[in-house]
Amino acid sequence: MSKSKIFKSCAEAVADIFDEASVMVGGFGSFGGLPINLIVALAEQGARDLTLIANMGGVGFELSHRIKPGGYQDAGILFENGQVKKFIGSVPALGGMPPTSPLERLHREGKLEVETVPQGTLAERIRCAAGGLGGFYTPVGVGTVVAEGKESRVIDGREYLLERPLRADFALIKAHKADRLGNLVYRQTARCFNPVMATAAAVTIVEVDGVVPVGKLDPEAVVTPHIYVHRIVEVPR
Amino acid sequence: MSKSKIFKSCAEAVADIFDEASVMVGGFGSFGGLPINLIVALAEQGARDLTLIANMGGVGFELSHRIKPGGYQDAGILFENGQVKKFIGSVPALGGMPPTSPLERLHREGKLEVETVPQGTLAERIRCAAGGLGGFYTPVGVGTVVAEGKESRVIDGREYLLERPLRADFALIKAHKADRLGNLVYRQTARCFNPVMATAAAVTIVEVDGVVPVGKLDPEAVVTPHIYVHRIVEVPR
Amino acid sequence: MKERLDEPTIALRAAREFADGSVVNLGYGMPGLCANLIPEGRTVYFQSENGMLGFGGLAADEEKDYELINASDQPVRPLPGMSFFDSAQSFDMIRGGHIDTVVLGAYQVSEKGDLANWGRPGRPATGMGGGMDLAVGAKRTIVTMLHTTREGGPRIVKECTYPLTARGCVSLIITDIAVIEVTGEGLLLREVAPGWTVPEVQALTEARLTPAADLKEIEL
Amino acid sequence: MKERLDEPTIALRAAREFADGSVVNLGYGMPGLCANLIPEGRTVYFQSENGMLGFGGLAADEEKDYELINASDQPVRPLPGMSFFDSAQSFDMIRGGHIDTVVLGAYQVSEKGDLANWGRPGRPATGMGGGMDLAVGAKRTIVTMLHTTREGGPRIVKECTYPLTARGCVSLIITDIAVIEVTGEGLLLREVAPGWTVPEVQALTEARLTPAADLKEIEL
């Protein structure tokens, strides 16, 4: 048997995330699928100059109270801490409430680079990297700011942009259950960006509600096969 | 409620496949996942000048006896019938046994065009079409006959070929169970090319072992969501 | 001042566009109100870009599950026959042309159907989310929005001045005073809110409107 | 004539290359024999391009399920922890570099590690299947083959004359008389079959072989 992938704590699982690493963070919006405990552990660990790849930039715990009663934790804490030098995602900051997020403030101050990517293109760029491909042509973004600096090409009478693969040193993701090998299943819409990010990182770290024995997960229903998963932390909810 | 997708027979389900249609046929090799009854129905229906897209070209019932006791049915019957003008796939004919297949014979006689595509490129070209993309760069095939006539490009120091999307007028696939809406689950390795082909055809026709009521399939385990499925035929095994 | 339709009424009018058996995606904000306004007797399959198909309306407080949410972070109700998938598969569905109708909000729509719905001047770090993918991929894009800006300026314009979402993607615009179809020959004014005249609507619209031969009041 | 290793013995030698915990894909023909020859105490996760990970060895007659087959159409045994996926996901895994070792058959291998394993002169309609994807995507490609053709000609050549599968992809060649590593400086002869000398192996090899400093007999 090979080495166990089970880590005792989120702190232990993120301990070697290095300065200037690229880090994918799963989830989608404010809830459901965010690897909250791994995010907090990375905030405590303190790695800096990170490139953060996530659907949303988050708002941080303080501002989150203006959105939902009781507030919630998201990737915003990493911007608050000044740990991020570049963000790549589809919603760096919300246009409406809250008035500004830590990401927005840093961006205005010139302390953060932001690459805004249409959400489907973000997902596809990650899958492109995961599949060992060099790029793809998408019709999304043609005639918009997204097209700036990109090769455009007409194929069968339709215009497309060339988009490039996106991979990361680490992926922090959230799943529902893992078996001890690392096979993963998700729960409802908490699936979202987690499975695709799991496949495109050199080291994939997953926070799960529970670990089950090998053989317990239906092989037809495994969403992320274990070879994509390197570290598992159980955080019962 | 919208119109029922359940068809009484394979014959009825393939009745409108027209001459010169492009038809994807699911499955992988000789067993498991071949929509055998739909293939036979198409052979009886008689549409001609088809472009057939499948992983393997098949051998036909007669020759199949030399491979397996009792023989088996595959897409070879469509070549035997002279219904196909072009084949696109990764294994047009086996290199060893049997000595020649109907596909090979027609190809030698100049009656059939064959486009041989690496298997992963075949799957990705189909997914590319399903995802509304214009093409992708793959490292597979560089320096081989597959590269002939294709754009080649160096990205980050590695050479890639531009591959194009592949879609079809019809997809004939095999699944294990469908609910009445058309959500599909597969069984073990009978999954193979079926789910990806289901997503890239104007009309997807599925042969299933059984139809179950809506709500019976686990929403976490549905492989093909119902919007990809247009016709269902139950063929209990 | 003349009475304008409120947001739930605009959403109600938009929901009447959903064909029986169609696949519908609802954007952030006002479009989300369509979720609970499907016309009686029609089945609509909602798709959400976070990876879900065939869910129900918005969940009541006591049934909220924050791992069962639409792309606007709102908990929804489960329905038999639904399915879950990941973001990459979700956008295959969207770009691949399997969404019959998407309803999106907008800052501006041009007379050619160009859509600007994500970026505002002075907020450089906002993002387009899945809006570009939806506008490009859906078979039909319906915009629901207020006809004018907070300051009373036009939102239906000759050329968008806000950052574009996609060019020529909008089919129908439903506002608090009008229903306007985008055609190859420009904007066709199909319906006006009760009490509104064509010149009154035109006065609040920068782009030129052509009244439809069968122009009528919005029926609610 | 000297004795050569038989196919099961070549496969046995190949299987000794599988690291504990590694992901292995077995090609059509001789490589498939490795399935039931994993060294004691090692765990290997087999991947098959038709969409399966973590299955067991070849099934006995009484347990055969023709919907549980490897890419060579052979029924295999299920194992706890296995998973199924579709062809597109399977090749993401393969091209994405998640296969540690692939074992493939070959018609020819060149001194630069070029592989020709699918097309034969006079059989224009044969196909490469998943071989190109595997040869390009796997971290390590091992070739198992007979050292010479049926007519006694070399298969390990300066330049392949058969249609290529991929350039420079082969790491290790295991034949019925030798184990040869492909290095940046050419072919390194690491092991010879019992009773064979370096000149004897070289005589059946078109490409130049450099004997390793620690050259030894194949241990079985």
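Note that the chains are named A, B, C and D in the order they appear, and that numbering of residues resets to 1 at the start of each chain.
We take it that a contact is a pair of C-beta atoms (placed from the backbone, for glycine too) under 8 Å apart; a residue touches a chain by one contact, two chains touch by 3 or more.
Everything numeric here is computed off the predicted structure, so don't read it as measured data.
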{"item": "Other chains in touch with both chain A and chain C", "value": "B"}
{"item": "Which of B-D and B-C has more C-beta contact pairs", "value": "B-D"}
{"item": "For chain C paired with chain D, centre-to-centre distance based on mean C-alpha positions, whole Å", "value": "56"}
{"item": "Geometric centre distance via CA averages, chain D-chain A, whole Å", "value": "37"}
{"item": "Centre-of-Cα separation between chain D and chain B, whole angstrom", "value": "28"}
{"item": "Chain B residues counted as touching two or more neighbouring chains", "value": "124, 127, 131-133, 138-139, 186-188, 219-220, 223"}
{"item": "Chain C: positions in contact with at least two other chains", "value": "84-85, 91, 94-95, 136-137"}
{"item": "Set of all touching chain pairs, with the criterion as stated earlier", "value": "A-B, A-C, A-D, B-C, B-D"}
{"item": "Contact set on chain C toward chain A in their complex", "value": "48-52, 65-73, 84-88, 90-91, 94-95, 118-120, 123-133, 136-137, 163-167"}
{"item": "Residue numbers on chain A that touch chain D, as the complex places them", "value": "1-3, 127, 129-133, 179, 181, 183, 199-200, 214-215, 217, 219-220, 222, 225-228"}
{"item": "Residues on chain B engaged by chain D in the complex (per definition of touch)", "value": "28-33, 55-57, 89-95, 101, 103-104, 107-108, 114, 116, 118-124, 126-127, 138-146, 186-196, 223"}
{"item": "Residue ranges of chain A in contact with chain B within the complex", "value": "124, 128, 131-139, 153, 155-156, 158, 160, 164, 185-188, 218-221, 223"}
{"item": "Touching residues on chain C, where the partner in the complex is chain B", "value": "20-21, 23, 43, 45, 47, 53-54, 78, 80-85, 91-98, 136-137"}
